[in-house]
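Read through the structures below before going on.
In the two assemblies presented below, subunit A is common to both, partnered first by subunit B and then by subunit C.
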Partner chain A sequence: MLKKTAIEKISQLAAVLMEKGTLLAPVKEVAGHNFAEINDPQKVDLNFYNTIISPKGAFFPPKEDFIKYKIGKTITEAEQIKVDSKPVFLFGVRPCDVKSFSIMDIHFNAAGIIDPYWSQRRKATTIFGYAYDLNQPVDAADFYNSLGIYAADPEGSDIFMVKKDKDLLLKGITPKGEELLAQLNTLVDAGKDDEKYYEETLKKGKEYKTRFLCIDQDVIAKKLEAVFNNNDFWTKVSSACLSCGACTFVCPNCYCFDICDDTIFGKGTRRRVWDACMFTDFTLEASGHNPRTQVYQRLRQKINHKYSYHVKKYGVISCVGCGRCTRSCPVNIDIYSIVEEALKL
Partner chain B sequence: MSDNNPYIPMPVQIAKITNEVDTNDIKTFRFTFLNKEDEEKFKYTPGQFGELSIYGKGESPIGIASSPTELGYVEFTVQRAGTIVPGLVTAALHDLDEGAQIGLRGPLGNSWPIEFLENKNIVVVGGGFAFTTLRSLINYMLYKDNRKRFGEITVVYGARNPGLLLYKDELAEWEKRDDIKTIITVDKGNETWKGREGFVPAVCKDTAPSPKDAVAVICGPPIMIKFTLPVFFELGFSKENILTSLEMRMKCGIGKCGRCNVGSQYVCKDGPVFSLAELDQLPRDF
Partner chain C sequence: MTDFKKIEENLKKEAKRLLESGEVTVVLAYGKGFDEKHPMPFAAKSVADVDNIVFNEYCNYNMARYLVRYPQGTKIAIAVKAADSRAVIQLIQEEKIKKENLVLLGIPVIGMKNPKTDEVIDSKTTCGMHNPVLYDVLLGEEVHGQKIVSPYDVLAEYEAMDKDARWQFWKDQFDKCIRCYACRKACPMCYCDPCFIDQNKPKWADKAPQSPGNIMYHLTRFHHLAGRCIDCGECSRACPVDIPLYLFHKKVAKECEEMFNQVSGMSIEDKPVLVNFRVEDSDKILE
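== the complex of A and B ==
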């Protein structure tokens, strides 16, 4: 089923989705666009390249509350916090970011113990993928083609959206998406020429080229393993790194978290919060021992975890080439270039 | 764990506290479960650990010191941390009295590979405080129904001085038994110490356990491990037959939070027990 709406009427679609559940969509902020919960349908803004922070927070929020407790009360009086089971609509997600969810699914939703929070949020959410605008130039930081992802890839979306001049085309991909699409009465049926445009866009998406590094994931995984002890290399590529962790916070595939107790005036919350392997105390043990005191050791951990360890453990690189880490880095460190350099060793 | 949410601790009560050492900073806590169903679900194997949980302080991953053959409770031997990094949970725990309630998550991690150890001669080597999950293993093997499943058992256990030996009463019991060879040593004795003096590596060399059908299970401070391993290599133990338990900073304990990642392994989930052959496959990043 292919439907359409005028982009200037997007707020009407947003209003309908807000009636049905929680709407997360790109909004314009001071520094650029980010996904946010929509309270005012006029705020939805599809005039963006990609968001500064990835949409992973829809399933893995920066803060996830586990338990509320009171100091002085017994443990049995602590109150477990349930995840809201209201339907969620995640609107306007770029194909590389949609792909990141399926990679995170392996870790949180398939391997070993299932993470109840990720799993419940994922189940409650309908994903509206959104093709990159093929008439706009590719950002120099992007390299999702290297990871086998294309600019107009509908895979993983429930509904996939393509911009056609002043219109937005919406295609049902999964049964869940088809069902929802049929209920959205602000949309109209698309015509034959729209069908053709949609199909052509998907095809043309393959020709919309990002930077490309020929990555055979097993080759790169083994290479990084082999150069692990090459301290000269790691020192060189990390020499500018401030260890600020910005790259990990914007990343759609970084999932390290901390669990902490936040108490104020005798009342507290145990929650998990995003954490980063780039921070000095990340691996600091109670004994005082810390295996990663040096910046190069932490940057090496970040890159190897994504491109080597993750491949060995889960069979897939934990990166989608969205380019956010490169765009956000205050000292212009580029993970793509480091991998490229490593391959030359 | 309530509602099968692996992040929510189950309530336990401190049934007994044993002060293990002269310095008063290592205590064994015996916990009983507040809910019968939690006790039934907490099925563990020696070598596993649990997350001790105190709201307002946090959680600490601690090896299980009791044996699963001991029913109705679970024990953890905990050192008060804090000389270098402030140990909020362990300090709070040390300040609690019998009867207090805390949280527990687990059992977590892999374990000493019991099936692999069966029908083999077991050499247990421990140093200082790192004897807790070894105690669990020894008591498990010594349990009347289990003893025949294992060959000869040799234990070499050392501490810096007699006051720092853990489980002193049990050590004395083991020394009396003829189905386990127990060798206790201290780096330096005192006026009342009648036992052996000497470092663990040297004592292992003197003891010279045969590598034939044998597995060595070694836990201790890095310096002890460093000098003990060459002794076992010289005796002819292969890397597949030397096991140890790894330390890494942990949070979730279930292989999700990424903190204890070393190479392709999460120490909390894929470990903490590894053979030396397995450790050779990992980057030296721990």
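== the complex of A and C ==
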């Protein structure tokens, strides 16, 4: 089923979705766009390239409260915090980011490792994928083609959206998506030419080229393993790195977290917060020993984890080439260039 | 207008000379990035590395940030624009580095740009000075005849807000913070290891990216930089969500200057203003 709406009237669609559940969509902020919970349907803004921070927060929020507790003299009271299972609509996700969810599922939603918070949210969420605008230039930092992902790839979305001039075309991909689409009464049926445009866009998406590293993931994984001890190389490529958390916090595929008890006057919350392998204290042990004291060790870990260990263990690279880490790095460290250089060694 | 190409040439020439003669073992400068608009901080360690050096209007980085990474006594040459030279001076005052181990390659420049917005970086987000305060070699013509703008002019609008509005302004800003710590990591004066925010015993603030932890992190950091921030603007530029940290730093710097009549990072003879007791110092801070 293909439906459409004028982009101008997107707030009407937003309002309908807000009646049905929680709407997460791109909004414009000072520094650019980010996904946010929509309270005012006028705020939804599809005039963006990609968001600064990835949409992973929809399933893996920067802060997740588990337990509220009160420490008493004799007994400690504790109460578990449940995830709200209201339907969620994640609206306007680029194909590379949609792909990232399935890679993250390996860690939060696979046999043996079901994270209840991630999996409940995944179940409750309908994903509206959104093709890149093929009439706009590709950003120099992107390289999702290398990972076999294309600009107008509907895979993984429940509903896939394509921009056609002033209109938005919406196609049901999964049964969940089809069902929802049929209920959205602000949409109208698309015509024959729209059908054609939609199909052509999917095809043309393959011609919309990002930077391209000929990636045979096993070759890369082996190469990175082989150069692990080449300290000169790692020192050189990390000499500018500040060892901050910007790259991992914006990344759709970074999933490290820290569990902490934030307590004040005997009352507190046990929660998890995003953590980053680039932080100095990430590997600090209780004894005081820190196996990764140097910046190069941390950057090497970040890259090897994504491109080597992850491939060996799970058979897939833990990066979708969205370019966010490069765009947000205060010193322009580019993960793509580092992998490329390693391959030349 | 600044001749960026000329400066790049001179920078390469000096780097080559210093490395060849063994006068220094590392030259902290700027290198090629993945495209021209995205150069990177670069440490040249051999003559062969010199080819990679570039200088253009996007080389904003304050290279003084990297000085404390090298063991004491390492002979280092460092490219410094105006604010960067002030960071070096401040670090010398704080005894983190010694002048005798450094060669300062001064870069007078006007027209540096923020690559995200392509706006010229001036006194709004930085100290707005054009000529390095301290240098051993000058790599270009000094900039003169520019209208002098106070780095504190940008505060006017903000100072006009009443107390509640100002507090609300900062609460809204801090709510945006994702606690990636790029700001402290980009800052040449944030060299503490461990930083108070990473400590567990005692734990000074919540880890979660929300108030009150965010407020605690930023207010403490602002005050740890009182009289030390040299207004290079790197913290704000590093922030992925564009929190205007420079406003707070400038406000603190302005108050400090008014109270103690000393500007940070202007002379290696000065003592850091908050660790130096002078009988004539203002008591306003105690009021």
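Just so it is clear, the second predicted complex is superposed on the first by the 340 of 345 C-alpha atoms of A that agree within 3 Å, B and C clash if a C-alpha of one lies under 4 Å from a C-alpha of the other, contacts with A are read in each partner's own complex, and residues count from 1 in each chain.
FYI, a residue touches a chain if its C-beta (ideal position, glycine included) is under 8 Å from a C-beta of that chain, and two chains touch if they have at least 3 such contacts.
For clarity, every value in this text was computed on a predicted model and none was experimentally measured.
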item: Clash or fit (per the criteria above) of subunit B with subunit C on subunit A; value: fit
item: Computed vertex angle (subunit A) for partners subunit B and subunit C, CA, steps of 10°; value: 90
item: First (subunit B), second (subunit C), both or neither touched by A:Gly245; value: second
item: First (subunit B), second (subunit C), both or neither touched by A:Ala78; value: first
item: Subunit B versus subunit C as contact partner of A:Tyr309, first or second or both or neither; value: first
item: Touched partner set for A:Asp258, first subunit B, second subunit C, both or neither; value: both
item: Which superposed partner A:Thr326 touches (first subunit B, second subunit C, both, neither); value: second
item: Subunit B versus subunit C as contact partner of A:Glu155, first or second or both or neither; value: neither
item: Contacts of A:Val30 with subunit B and subunit C, given as first, second, both or neither; value: second
item: Partner chain(s) touched by A:Asp40 [first = subunit B, second = subunit C, both, neither]; value: neither
item: Larger contact residue set on subunit A - subunit B or subunit C; value: B
item: Partner chain in contact with A:Ile67 - subunit B first, subunit C second, else both or neither; value: first
item: Minimum C-alpha spacing, chains overlaid - subunit B and subunit C, in Å; value: 5
item: Subunit B and subunit C contact sites that coincide on subunit A, given as residue numbers; value: 258, 260
item: Subunit A - residues contacting subunit B, complex; value: 66-67, 69, 71, 74-76, 78, 80, 107-108, 111-113, 115-116, 225, 228-229, 255-261, 263, 268, 270, 272, 275, 277, 282-289, 291-292, 297, 301, 304-305, 308-310, 312-313
item: Residues of subunit C touching subunit A in the complex; value: 31, 33-35, 37-43, 61, 65-66, 69, 116, 176, 178-182, 184-186, 193-194, 198, 206-210, 213, 234, 237-242
item: Complex interface listing, subunit B residues touching subunit A; value: 2-9, 11, 34, 53, 55-60, 81, 83-85, 87, 90, 101-103, 247-249, 251-252, 254-259, 261, 263-265, 269, 283-286
item: Subunit C-touching residues of subunit A, taken from the complex the two chains share; value: 29-31, 34, 52-53, 62-63, 140-141, 239-240, 242-246, 249-250, 258, 260, 262, 271, 273-274, 276, 279-281, 295, 326, 328, 330-334, 336-337
